[in-house]
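There are structures below to look over.
Paired with subunit B in one complex and with subunit C in the other, subunit A is shared by the two complexes that follow.
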Partner chain A sequence: MKQVGNKDEAFSLKTRIKRLKRDSNKWSVFTLAIVFFLALPIVFIGVELFAGPGESWSHIVDYLLPDYIGNSFFLVFFCSILVLVFGVSAAWFVSRYEFPFRKQMEWLLILPLAIPSYIVGYAYAGIFDYGGSMDLLFREVGLTFIRIDIMNRAGLAFVLSISLFPYVYVSARAFFLNQANNLLEASKMLGVSEVKTFFRLMLPLARPAIVAGLVLVLMEVLNDYGAAKYYGVNTFTTGIFRSWFSLEEPQTAVYLSALLILIIFVLILIEKWQVRKMKFTSSKSNSKQIQRKPTKGIMKGFIFSVVFLPILLGFVLPVVQLIYWAVLTAATVFDMEFIMISVQSFAIAIASAVITVFFALILIYFSKWSTLSAIKNISRVGVLGYAIPGAVIAIGIMIPTLALDKWLINVLGNFGIDSGLIINGTLIALLYAYAVRFLAVAYNPIDSTALKVDNSIPDSSKVLGVGNLKTFFKIEFPLIKTGVFSAVILVFIDVMKELPLTLILKPYHIDTLAVKAFEYASDEMVMEASIPSLFIIFTAMIPVIFLNKLLIKK
Partner chain B sequence: MKKILLAITAFSLLASCGKDNKKNETTVTPESSKDQVVNVYTHRHYEPDQKIFKLFEDKTGIKVKVINASADELIQKMKMEGKQSPADVLITVDAGRLSRAKDEGLLQSIKSDVLEQSIPSYLQDVDNQWFGLTKRARIIAYSKDRVNPEDLTTYEDLVNPKWKGKILVRSSSNIYNQSLMASIIANDGEEAAKEWAKGMVANMARSPKGSDRDQVKAVVAGEGDLAIVNSYYIGKMLNSPDAEEVKTAQQIGLFFPNQDDRGTHINVSGAGVAKYAPNKENAIAFIEFLIGEEAQKIFTDSNYEYPVLESVIPVEDIKVWGEFKEDNLGLNKLGEHNKKAVLIFDEAGWK
Partner chain C sequence: MLTINSLSKSYNKGKNFALEDVTFNLKAGQVCAIVGESGSGKTTLVRLIAGLERPDHGSIVMGDKVIASLDKFVQPEKRKIGLVFQEYALFPHLTILENVLYGISKIKHKRKRAQDMLDLVGLSDLGDRYPHQLSGGQQQRVALARALAPEPSLLILDEPFSNLDTMLRTQLRNEVFDIIKKTEVTVLFVTHDTQDALSVADEILILQNGKVIQKDVAANLYVNPNTLYVASLFGSTVHINKNLQHAFRCPLKETCCYAIRNEKIKVSPSSSDTDCEYITTAQVIKKIQLGESIQLLLKLDSGEQLTVMTQDKNIADTIFIGFNSTDILEFENE
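Right after this comes the complex of A and B.
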C-alpha cells in the first residue's frame, strides 16, 4: 500500500513537471523575470531572516510584541470600518444621485490622499491642542473648549481613516460608474427599492473593487510611522524602527518586518478567498454609464451631508489648519525655491507613476497570457513591497544595487574609467525603489478593472489570429483605461508624499516637497512644515482634477 | 486630453532622464571637475544651517551638498556604501549616534588644532573622531502656579511619590530620553536606572506621546505639573510665530536639575569626518567653520542652542536662564549605554 502511494506521488510529481513544461510559455518566463526584478529587495530582506533574529528578540517578544499586535489589529479593525463607511457611501451617492456641488465633490473626495497622513495627524493635534484652533475659536465666543484628546489609538485610527478612505472611494466609484447601469435598470424593472438594490445587488458586486481599495488602505495603515509615533501608539512599524535603530539590531527589525508581511499576506489571502468562486465579468463591454437620480428636500440635504463630511474632515479642516500655520510662518519659510522643488517633485512623481503602472500592466497581462495558473499567484508577490516600511525597502534596494555598482566600478576600473556609483545616489535607484514600493497601488485598481473585461472579447480577437500585444493595445487597453489612469494618479500622489525611501536614496541635487516638509516636522517645527505640505497638496491636485475630467468624459 | 497627458509624461520623463544623465556625468569624473565640494550627511534639519552653509560657500568657494535624513538612516547608508561613500561629513543631533558611527568604523581621526583647542574636552571624542558643535540641556519645565521650584532637586528625585501623576515626558523612542537614561546608567549604575525608570512610569501624568513642545503645552493645560524638555525647544517656543505658543512658554518656569551634584544632563549636536571622505581637507575646513564664531553665533541666535565656543555668548532668550553646572560625563558613554537604556525603558513599560 505504502509503496503504491509513493509511486503515485512520484508519478504525480513527474507529471507535474511535465505539465509545467507543457503549460509554460514565454509569457510565464517574462512574468517570472519581472517578479524577480521587483521582488529582489524583498528577497534580500528575506535572506536576512536566515541569519536569525538579534539577541533582543526575546526581549521584544516579552515586553513589546503584545502591544504591537494589539494596536495593529485595533487599527486594522477600526480603520476598515471607518474607511468602508466613508468611502463606499460617498462613492455610491456621487455616482447614483444628482445633488448640489456633486461634480466638485467628485474630485474633492480624492484630495485627502494628497495630504501625508502624518501631516493630517499634526494638523488634528493642532486643532484640538491646548492653545490650538478649537481652543481659540471657543475663547473667541466666550466658551471654554472641552479638550478632546485625539492623541491616542482611537484618534490615530480616525486620522488614518480620514486620510486614506479615498483608496476605497476611487475603486468603488470606478465600479459604480461603469458597471452598474444595466443592473440598476434590471433591478428597477423588478420593482426593488433603492436601499435594497444597494445592499443586495451593488454592494456584493462591487466587493472585489472595494476590497482591493481596502487592502491598500490597510497596508498603508500598518506601514504608518509618522502619525503613530507622534500619537504615541506602538505598532509593528514603530517597532521595526525601534529595534533597528534604538536597539541597533537590523536582524530583529527584519524579523518584525517578516511578521508584518505575514499579516499582509493573510489579508491578501482573505481577499482571494472571499472572491474565490465568483466571476466578475460584465456581459456587455459597452455598458452605459450610470443614470443619476435627482434628489429633493431632506434626501438632498442628507446625501449632501454624507458626501461632504469626509471632505470636511479629511481635507477642509486639515487644510484650513495648514493655511493658518502657513500664514503665521510665511515670512520666515517661503522661498522661490519651493516652485523649483515643486516642479522636481512633480516630474519625479509622474515618471515613477508611469514606470510603476507599466510594470503593473506587464505583470497583470503577462501572467494572464501565460497558461500556467500558478504564475498569477506568483505575480502577487510583487505587490508585497507596499507592506514594507520605506526605510526597509531602501536597504533592500541598496544591497543588490550597491553590489552591482561596485562590480561595475571594478570592471570599468580595468579599462581605466572611474565610474563612481552609477545606480546609487542617482534617480535610477530612486525610481526603482518607488516601483517596488508602490506596485500594489497600481496593481490593484488595474487588476480589478481588468477582471471585469469579459474574456470572450480578447479571446475572439486571438482566435482571429491577432497577437497578444496587439489585442491588448487595440481592445483591452481602451476598456481598462479608467483603471490605468486611476492607478497613475494614485501612484503619483503616493510618490509625492513618500518620505523614508526618498530620504535615503535621493540624489544630492534633488529635493522633494515631502523631504522639505519632513525637515521641519521632524524637528517639532510643525507650523513651518505647513508651506511645503500645502505645495504637495496643490501639486497633487493638478492630476487629480485631470483624471476626473477623463473619467467623466468617458 | 490624451495627447496632453502623453506630452506631460514624455516631458517629465525627459526631464528626469536629463537629470539622470547630468548626475552620471558628474559622478563619472568627480575629481577632474574643478568645483570643490563637501558632501554633508546631516540630521540637523534647521533653517539657520542653510544660512551657515551659504556663508561657508561664499567664503571658501567650496560647494556644500547636503543629504538630510535621520542619523540612523545616514549611518546605515554610509555603512552600505562603504569605500564608495560620497559622504565627507556626518552631522548628528546627539553624541550617542556619533560614537556609534565611530564604533562602526565610519569616521576617522583628524588633526585640527582649531577644533581641539576651541571645544571643551568632554564635548569631543577622545580619538578626535567627532566634535560637538552645539549643546542642549535636558531640563524641567514646571507649572509656576502649582509647583514650588524649591521642591525640585534632581532627575533622581522625580520618582518621589509626591510627583505621582504629575510628570509629563515624551516617548522612550526619542533619542534625548535615551541619552538621559544612558547618563543615569553611567552615573548611578544599571540597577538604580531600572528603579528610576519604574518610578518615572509610576509618576507619569499620561502615557507618553507627542513632542517636547507638547509636554510643555500639557503642563500649561493642567494635565501635569512637570515636563522634561530639551532647552532649545523652549527658546523656539518663546520665539514662535504662533502667539499662543509664546504665551504658553511664558507661563512655565525652568529648572536645571542636579546643580548640587554632577550637573544637568547635556547632549551635543556634533560632526565627524567620514572614514572614506573624498574631500577630507574640505571636510575639516567645514567643521572648523562650524565652530567658528560666525557660525556659533547663528546656531545660538536662530536655533537657541548653547554654543560650544566659550567666547560666543548665548542668545538673550536662553542667557536669562543663567549659567548652570553641566554634567561633564564623557559623551562617549551615552553611545555606550544607549542600547541598555532602551532595554530598560521597555522593561519598565515606558512607552
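Right after this comes the complex of A and C.
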C-alpha cells in the first residue's frame, strides 16, 4: 500500500478547506461583523471618493491646500521637537535623579493630559492678550514695547506641544524605569560619563518607546480643531469643517479627509519602520528598577527647573488663568442650563465609555474564541479608529447615515409615516462615532491585563465542562476587572474632552461641556469658556491621578 | 478507550510539525506515561486530546466516539477529560472548595462530592482558603481534586511535578498516584523524567521531535529499546562506534547501530580474571567516589574516552574492561 505523506497531506488545499469548515464558528462571524461595523466610516470615505470631488475642490487645491499642507507639516515638525525636549528630558530626570519633590512631579507631569489642547489655547490667548497677564507683567517692569503675539501657527505649535508632551513623557519614562538598568550599570562600569551615557546609550535604546509616544502626539495634533480654529491657523481639520458647514460640500470634506488619512498612514509606517529597525532592543523587563542618583547644588536647581517648567506651562499657568476668569464670570455662566449641560456631558461620556468597553471586550474575546488564526489579525483593524481624526470619522458617519435616513423617510413615507431623521443627528450616531474613535483607548488596557491571565486558567475551566461565555463571566472577567475599569475611565475622559467629532454629530438640542466652551470662545466670550473648561479639567484630573498609580504599579 | 490515529499538528502552517503522524491507543484503567524532552511534542499531544488545540491531520477517538478529526471537533467542555496543568491553574479568586465545585455545578449532592474529593487528597480542612494561601504541593492536590471531581473518563497530568523540588517530588508523586489508583481512572501522565514514568506507569510512550519512537511496558523499554535515544533514557549507554569495535576487537555488522549499557561493562585488573568475550585495556584518568561505588573515567589506546562503574577500591592505573555479546543492544541504523 502506498503511504501518503501525512505531512504534505496535512497542508494540502483539500485538508485546509476541510479544517476551515471545521474551525469556523459563530465567534469568527461575530468578530468579522464587529470589525466591519467599526471600519464602516473609513470604508465610506473610500467609497465616496469615487463620487468625485465637490465644486470648490479646484479652488481649494489652488488656494487653500498648500496652506493646509504647509501648516500641518509646520505643526508636525515643531510639535515633534518641543514634545521631545519637554517629554524626554523630564522622563530622564525623574527616572535617573533624586531631587526635591521628585515623587510629586512624577505624576504632576501627566496632568497636562487632563486639559484639552483647545482650552490650553484659550488660556494662553488670554495670558498673552492685550491687557492680559503677560502684558500687565511686562508693563509692570517697564517693558512696554514687548508684545508677544501668539495667535499664529508658532503659538499653536507651542500650545499643542505643552498640552500633549505627556504622551512622550509616559512612554519614555516607562522605558527608562523598567528596561534600562542593566545597560546603565554596564555603561557606568565602563567609566562613561552621564551625558554621554544618555546620548549614546539611553536615547537610541529608548527610541521605539519615544517614537510610539510621539506618534500619539502627532495624531492628536492632526486631530485638533478647537485650538487651530481659535488661533486662525488653516489645517486639514479646519478645512473639513469649512467644507462641511460653510461651503456645504460633503464631497470636498471627503477628499480632505482622505488626504489626512494618507498623511497619518505615512506617520504610522514611519513608526513601524523605526520600531522594526530597533528590534534588537530587548523587550524583557529587567526586574530591577533604575537606581536614582542624588543631586547637589546647581545641578539640583537645574534639574528641578527643567522638570518643573513643563508642569508650570502645561498645567499651572493655564489653570490659574482659567480660575481667574471663572471668578470673574461665575455669576453669569453658572445657571440651570449649565448644570443641565454638565449632566448631559457626564451621561454621554459614561454611556459611550460603557459601550466602547463592551465593544473592546467583544473584539478581544470573540477573536480569542474564534479558532481561525487569521481572525485575530483582522480584529486589530477594529482598533484603527484612534489614528483617524474625529472630524474624519464624523464625516464618514454623517454621509452614509444621511443617505440611510433619506431612504428610510422615503420608504416609511410610502406607508404614510413621517419618521424624520432616525439615525443622523441623534445620539445613536454620536455614540457609534465615539466607539469607533476610542475603541483602542479601551482595547489596550483590557488586552494587556487579559494577557496577564495565563491561558491555562480559562483552559482548565473549559476542560471542567464550562463553555466560553460562562468561563468569561465566572473566571476571566473577575481577573481583568482593573483593566476594564481603567478602560472605562480612560474612554470617559476622552469623550469629555472630545470636540471636533461632537461638533459635527451632536443632536442640536444637546450640548457637552466641550462644545459649550468652544461656543463661548468662538463668540468672543473666552472668559466665559473658563467654567465649562475647568469642569472638564477637574473631572479628567481625578482619574488621571488614579491611573498614574496604576501605571507606576505596572 | 483512547485511540490516536496519525495525529499531526503544526504551529507554522506546515513548516515544522510539533507532532507528526502520532498513532497509539490506550486501554481503560491503564496508566500511560508520555516521556520526552522539552519540545518533543508532549504538551501539544495532551492539548490536542483535551481539545485545547485542533489537529491538522488525523483523528482522536474516545470510547467509540470521534472527538477530533478533520470533519469533527468536540469542544473541550464536552469531552469529560480531566486535566491537571503544570502550573496547576487554580482559579485565584475562588476558594479551594469553590475551585473543586466549579466543574460539578450540575450534579446532585455536589457539596458532598467536593468535600469527598478534598478528603481524598487530604485537604479536608482547607476548603475556605484561597489558592495563594497554600503551598505548592497542596495546590497540586487541589488541582487533582478539581480534575477528579467530575469523574472524568480520562485524566491527563501535564508535567505535574516539574515545579517541585526533588524531595517533595518523590513524596508527592507517590501520594498522587495512590489517590489515582483508588479512583481507577485511565491516566495519561506527561513527564520528562524517566524515574517518574518508571515508578508509576503501566506503559511508557516515548516522544522525540514530535514522533512516537516506542511504546511499551517499562521492562521491555530497558531490555529492547528501539533506538539509542530510548536506550540512553533508561540508563547511561555507550554507543559502540567503529573505534570501539576496533578496540574491543568485536566485528559487528555495518548496517546496524550498537550500544552497551555502562553497567554491563566489566572491570578487571588482568586479562585472565575476566570471562568477557570482548576485552581491551584502558588507562584510568579519574576516579570519582559516588557513595559505595566508584566511577572511573577511562581512556582507551585508540583515544576514546568512556566511564564505567566499579565496586573495587584498589584499581590500578591500567585495567582491563570487557563485555559479552549477549549484552549488546542492536538497533536499526539511525
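In this text, the second predicted complex is superposed on the first by the 328 of 554 C-alpha atoms of A that agree within 3 Å, B and C clash if a C-alpha of one lies under 4 Å from a C-alpha of the other, contacts with A are read in each partner's own complex, and residues count from 1 in each chain.
The rule is short, and it goes like this: a residue touches a chain if its C-beta (ideal position, glycine included) is under 8 Å from a C-beta of that chain, and two chains touch if they have at least 3 such contacts.
What you are looking at is a predicted structure, and each value in this text was computed from that prediction instead of being measured.
In the superposition on chain A, A:N152 contacts subunit B only, with no contact to subunit C. Once the two complexes are overlaid on the shared chain, A:P478 sits against subunit C while remaining clear of subunit B. Of the two partner chains, neither subunit B nor subunit C is touched by A:P532. With both structures placed on the common chain, the touch criterion links A:G465 to subunit C but leaves subunit B unconnected.
Applying the stated contact rule after C-alpha superposition, one finds that A:K18 touches subunit C and leaves subunit B untouched.
Among subunit B and subunit C, the chain that touches a larger number of residues in subunit A is B.
In the superposition on chain A, A:F518 makes contact with subunit B only, while subunit C stays out of contact range.
Of the two partner chains, neither subunit B nor subunit C is touched by A:P310. Residue ranges on subunit B touching subunit A, taken from their complex, read 1, 5, 8-9, 11-13, 15-16, 19-20, 23-24, 27-31, 39, 45-47, 65-70, 72-73, 76-77, 80-82, 84, 86, 100, 171, 173, 178, 207-214, 217-218, 220-221, 233, 236, 240-242, 244-245, 247-248, 338-339, 342-343, 346-347, 349, 351. Residues 6, 8, 10, 13-14, 17, 20-21, 50-52, 54, 56-58, 70-73, 75-83, 85-87, 89, 91-93, 102-103, 146-147, 150 of subunit C touch subunit A in their complex. Contact residues of subunit A toward subunit C in the complex are 6-7, 9-11, 15, 18-19, 21-23, 371, 454, 456-457, 459-467, 474-475, 478-479.
Taken together, the subunit A residues at the contact with subunit B in this complex read 56, 59-60, 63-64, 67, 125, 129-132, 135-136, 147, 151-152, 229-234, 238, 241-242, 244-248, 250, 325, 328-329, 331-333, 346-348, 350-351, 354, 391, 394-395, 398-399, 402, 405-406, 409, 417-422, 424-428, 431, 485, 500, 503-504, 506-510, 515, 518-520, 522-525, 527-528, 546, 549-550, 553.
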